[in-house]
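Next up is a structure, given as structure tokens.
Chain nomenclature is as follows: A, B, C, D and E, assigned in order of appearance, with residue numbering initiated at 1 for each chain independently.
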């Protein structure tokens, strides 16, 4: 865990001779990489085992008919079957590409909007509250407008995604900027950072934790909006995860639905890992990582 | 599945609750009128409590039937087939028909012939559903190609019905093969009927809505199901004999559920394209399935045992009406 | 009120460090902050720690307070003693008023409301901030914040007090007054005090014993009892000469490290 | 703006005599309440005017047919008509009641989940990443499970709402707890706050800004999930805003759709105002409100 | 190196306060922190401010730095002068390393990279933290953080330096060394310095003039030139006697307010 603080802490030990250093190293608990990985893995495996076990027990108890709630085995088979074909991968690729593009758009719009609203009082008074209001607007409400503006193109999907995610990101930025410690802002101003430079050198980095939190929430919004938005244009030359989710439901195909849900969860886990790494890095820098002092 | 016993509709002689689903929709007119006019309640009698549930799309209704949260529902042919085949013939039975017709291909006025459809975009409600299959099969018969992915001579664009009016009027699509009331709406948005699907079927009849019950409920309470079918027949009678009153009832009922009464003019406009019949027109379902196989959208499935029309025929017989052929 | 205070007053107040070592970080980038520090503080003793900047004084107090783990050696405290630590930075809770901050340790000890209110008022009078109870930390000056932190630490009512430059941000006059207050409380409550300061005169004014830490790694290099009878005055010549002696040692030590 | 800091700042001015105080008051710009309200109102009105104006211009330009994009006048008439009838109010009441209940549930679950995950390392390793993954799961994917578990009851709707909102709130809590300054935690521990008390006296208040941000994001999730969830059963005895939105779309009734969207936006604005007030209060307490020092 | 430093060196370095008043808050809860403070600091002058805790010293520096608005009166600075303020708290950016913190003002002045690197290294040597460039603020001791903040303020290269208890957390020895460094830089760069301290000896050691502020509301009640030739030693008797004089005044003033 602490291995990076150390990388940073370099050079400070000029006065510790080689021998001293050896001695110190001996005194420390040396946690190997394998141990660290195992420590973060076994709880996941345990949680998975508990979840799957409970599921299997419910299925065995035959509370619901198997076409309504298939067992883990059935779903696993379905997943394997899907993984063997091209449709799942095509759909996943399409959706991930759209998600990436839509999210990048959303981040751009959200960051700009957030910074602008946080910075200009008039803008905040004018549209500050509108941001949350927009955030609560369900995606389907935007479909007609999206079609009006972009017809049946991917842009229509991106429009819905951006309207879903950007307000959330902007809100993260605003709340981050609002809570930047005044002392640091004053320090920055005194060091000559005014206007944009104050944002670049002080406010943005100070607000980073809240911004990352907002980006994470924004991802969830953008992904959900995408799943909905993908129904605007279904099957124009490509399938998508959102369409598969809907079809699975339409066809009352429970194993397919569950396996699609698993795919979505796995994607979510992957994205969370990325955000987790970013967060970890920030916390290490800021010195809030290990509260008990190594 | 577990036994015939079911929490909300416990067997035996005690009071039974019938949970009936339907959509606040013109193709579900018998259901809507039956509920609004109290026809079901009257036929079911005092020892059966009627609980109605309204849905806006098939999946939730099927999920509810599967999970035992619903005993019977009016539903379209597509979810019917899906529910039957996905439960390997276990979950449901069709006990009556409700409506036929009400589907058409509406296109931009400048399109007047099949040939002009080349290179155009035509919407259907959903990939592989009845209308989608009908369009593709029809195109195939006319010698036009249309791939699942939206390629070929005619680009078939599956999309939610709710969206077709927007896409049609914005010019994103050139036409749509859809059921009522979207046919009427597209016409109002400047569209023109190119094909009335009734013309493609024997006797101009094909199923658009039928009544299904969960097998469990059917086994546990056959008498209740008979009363339900009686109610359905009575509702159909009402709809067919008092169209004006029915149209008003539909408008009011939809208003109650959705927050805004449906324009009676629109109902009147759509009315003649529909036929309200107790016959589930099993043959059309079977043929539709064959068409789906023919255009490569599905694997053949067996529909054996889907229909249980004994109650319907009992009711019809009692009323002295022609019975329906059990497929 | 004399240096006989080094004799035990209460068994619970003792603090003993045995070869305490503290390493920050791991592997080749580790920093050895304390190296084999052994120290016995008798119950009721007032010990002042002095040393160059960065020599490990705060580290030592944090270890005694149990807020960090030692890397080697061991620390013994009287049974169930939770030493109160006044941090080098003010560490006030920004979401609470001054009163609220001082009230926290009392609330945590579940004292009845009336008693708490009384105690808070008394403590704020002790640090001469009686009228500032309803202010929030950001509305105070640096020295005022330090005094609030002092009041909050005193509210803990523990037998062992660890103080990290508690009077660094105070003017001479206010500091003198608080020296008297601290000495009074120390006498009344028979406290054990570990007091870090850069002001050697202050150390001589308050301490029973002054301990000098060397620069990184921190080791005890000098320890002297202050045998001046109390009450003492910070500008008295005895204090001055002790301070001069310690300063001399400190200079040698800091000079040795080239600072 | 600063009027409350003052309320707190009481008693400190013992030495300022009445006369002095008068004199001071004279020197300050006395901003009356009306001026303050106007300052925060005119930008909103201006933004509204610009938005409606642009809309009207587009409509006049007849880019799209009027049944596709009706003008502000038409929508306003529709809104007035709706407001005159009972359906809108019934639907709004139903939806607001469900939103309140669902949100309270979500807050409870989200806070508990967030605190538990933030506190227990094993739990974090086990299900920490699952929280974001759950957050990205579209509401419709939960419908079958909701129906399975709760049949066609309101509980099914709440289930979907909680699954939508609780992860978002939990994420807010986790990110807040993670960034509590170590110094304050140490101070709290030293003052005798251990275990739950540490959470009550230090971590929770210190994390409050991030928690409020999470609650705000959670509201958006819960509201959107509710709009979707209300379609599980569209109700017979009661209509709902979610149903109205969907039917407006299905009926291609653009004025109705737009007027329903306006209702949703107004609700969103109201909720934002509540969160804004909470946020304002926290920032005032923390002294981060007025960066330039009054 | 003598007190002739009070004569103008550079027109840009002057600081003039005319009847400056500062009120925190509004209406009946207002706090009058400064009341009609007038002060003329000549370019190149080194002025030390002393006063009781909470008397308005930090407020005054913040006003001169332009970080707060005056409630009355006016402050005049040389054209385009942006005074560098070293805050009472360290105010380091936690997301940057020590080097990164010192680098910020250089980056903001768009100096080329090589020059910046050199300058940072030089400044860190000045504050005796050359080996700590890659550490982060939370890995430093209190005194080390203060020195980093000093280096960062010096990196501003402004003609007017405002320092709020810059050496409060340093041991005597390190402080003495930094006194020398500061005096050297002041001479070399012909700086104007406003220096807040609680250590009256320190004030006497460094200042051309010492100014005493009264307790709330802050008013200038005493001002004395320090006519001791430089180089000075903090423990020299001349410095001692001036310090004693100022301390006496301070005591009377603080006593008057009952603190």
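Here is the rule we use: a residue touches a chain if its C-beta (ideal position, glycine included) is under 8 Å from a C-beta of that chain, and two chains touch if they have at least 3 such contacts.
Composition by chain, UniProt nomenclature: A, D = ABC transporter permease.
The shown structure was predicted, so the numbers you read here are calculated from the model rather than taken from an experiment.
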{"item": "Least hop count linking chain C to chain D (ABC transporter permease) through chains in contact", "value": "1"}
{"item": "Chains most often in contact, by C-beta pairs", "value": "A-D"}
{"item": "Averaged-CA centre spacing for the pair chain E and chain C, given as whole angstrom", "value": "27"}
{"item": "Centre-to-centre distance between chain E and chain A (ABC transporter permease) (centres being mean Cα positions), rounded to whole Å", "value": "46"}
{"item": "Rounded Å distance between chain B and chain E, as computed from the means of their C-alpha atoms", "value": "84"}
{"item": "Chain centre separation (chain D (ABC transporter permease), chain E; CA means) in Å", "value": "46"}
{"item": "Where chain E touches two or more other chains, by residue", "value": "24, 31, 62, 67, 89, 138-139"}
{"item": "Junction residues of chain B - those touching two or more other chains", "value": "59, 63, 67-68, 162-163, 166, 170"}
{"item": "Where chain D (ABC transporter permease) touches two or more other chains, by residue", "value": "5, 8-10, 12, 64, 68, 143-144, 148, 182, 186, 246, 249, 286-287, 293"}
{"item": "Residues of chain E that touch chain C when the two form their complex", "value": "24, 31, 50-55, 57-58, 88-89, 128, 139-144, 147, 164-165, 168-175, 177, 198-200, 247, 250-251, 254-255, 259"}
{"item": "In the complex, chain B residues that touch chain D (ABC transporter permease)", "value": "8, 19, 24, 35, 52-57, 59-60, 63-64, 67-70, 161-163, 165-166, 169-170, 181, 185, 189, 255-260, 262"}
{"item": "Residues of chain D (ABC transporter permease) defined as touching chain C within the complex", "value": "5, 8-12, 14, 183-184, 186-193, 197, 201-202, 205-206, 208, 282, 285-287"}
{"item": "Chain D (ABC transporter permease) residues within the chain A (ABC transporter permease) interface of the complex", "value": "39-44, 46-47, 64, 68-69, 122-123, 125-141, 143-144, 148, 167-168, 171-172, 175, 178-182, 185-186, 209-210, 212-214, 216-217, 219-221, 223-224, 227-228, 242, 245-246, 249, 254, 257, 260-261, 264-269, 271-273, 275-276, 279, 283, 286-288, 291, 293"}
{"item": "Chain B residues touching chain A (ABC transporter permease) - in the complex, by the definition given at the top", "value": "1-2, 58-59, 62-63, 66-68, 78-79, 82-83, 86-88, 90-91, 121, 126-127, 129, 148-151, 155, 157-160, 162-163, 166-167, 170-173"}
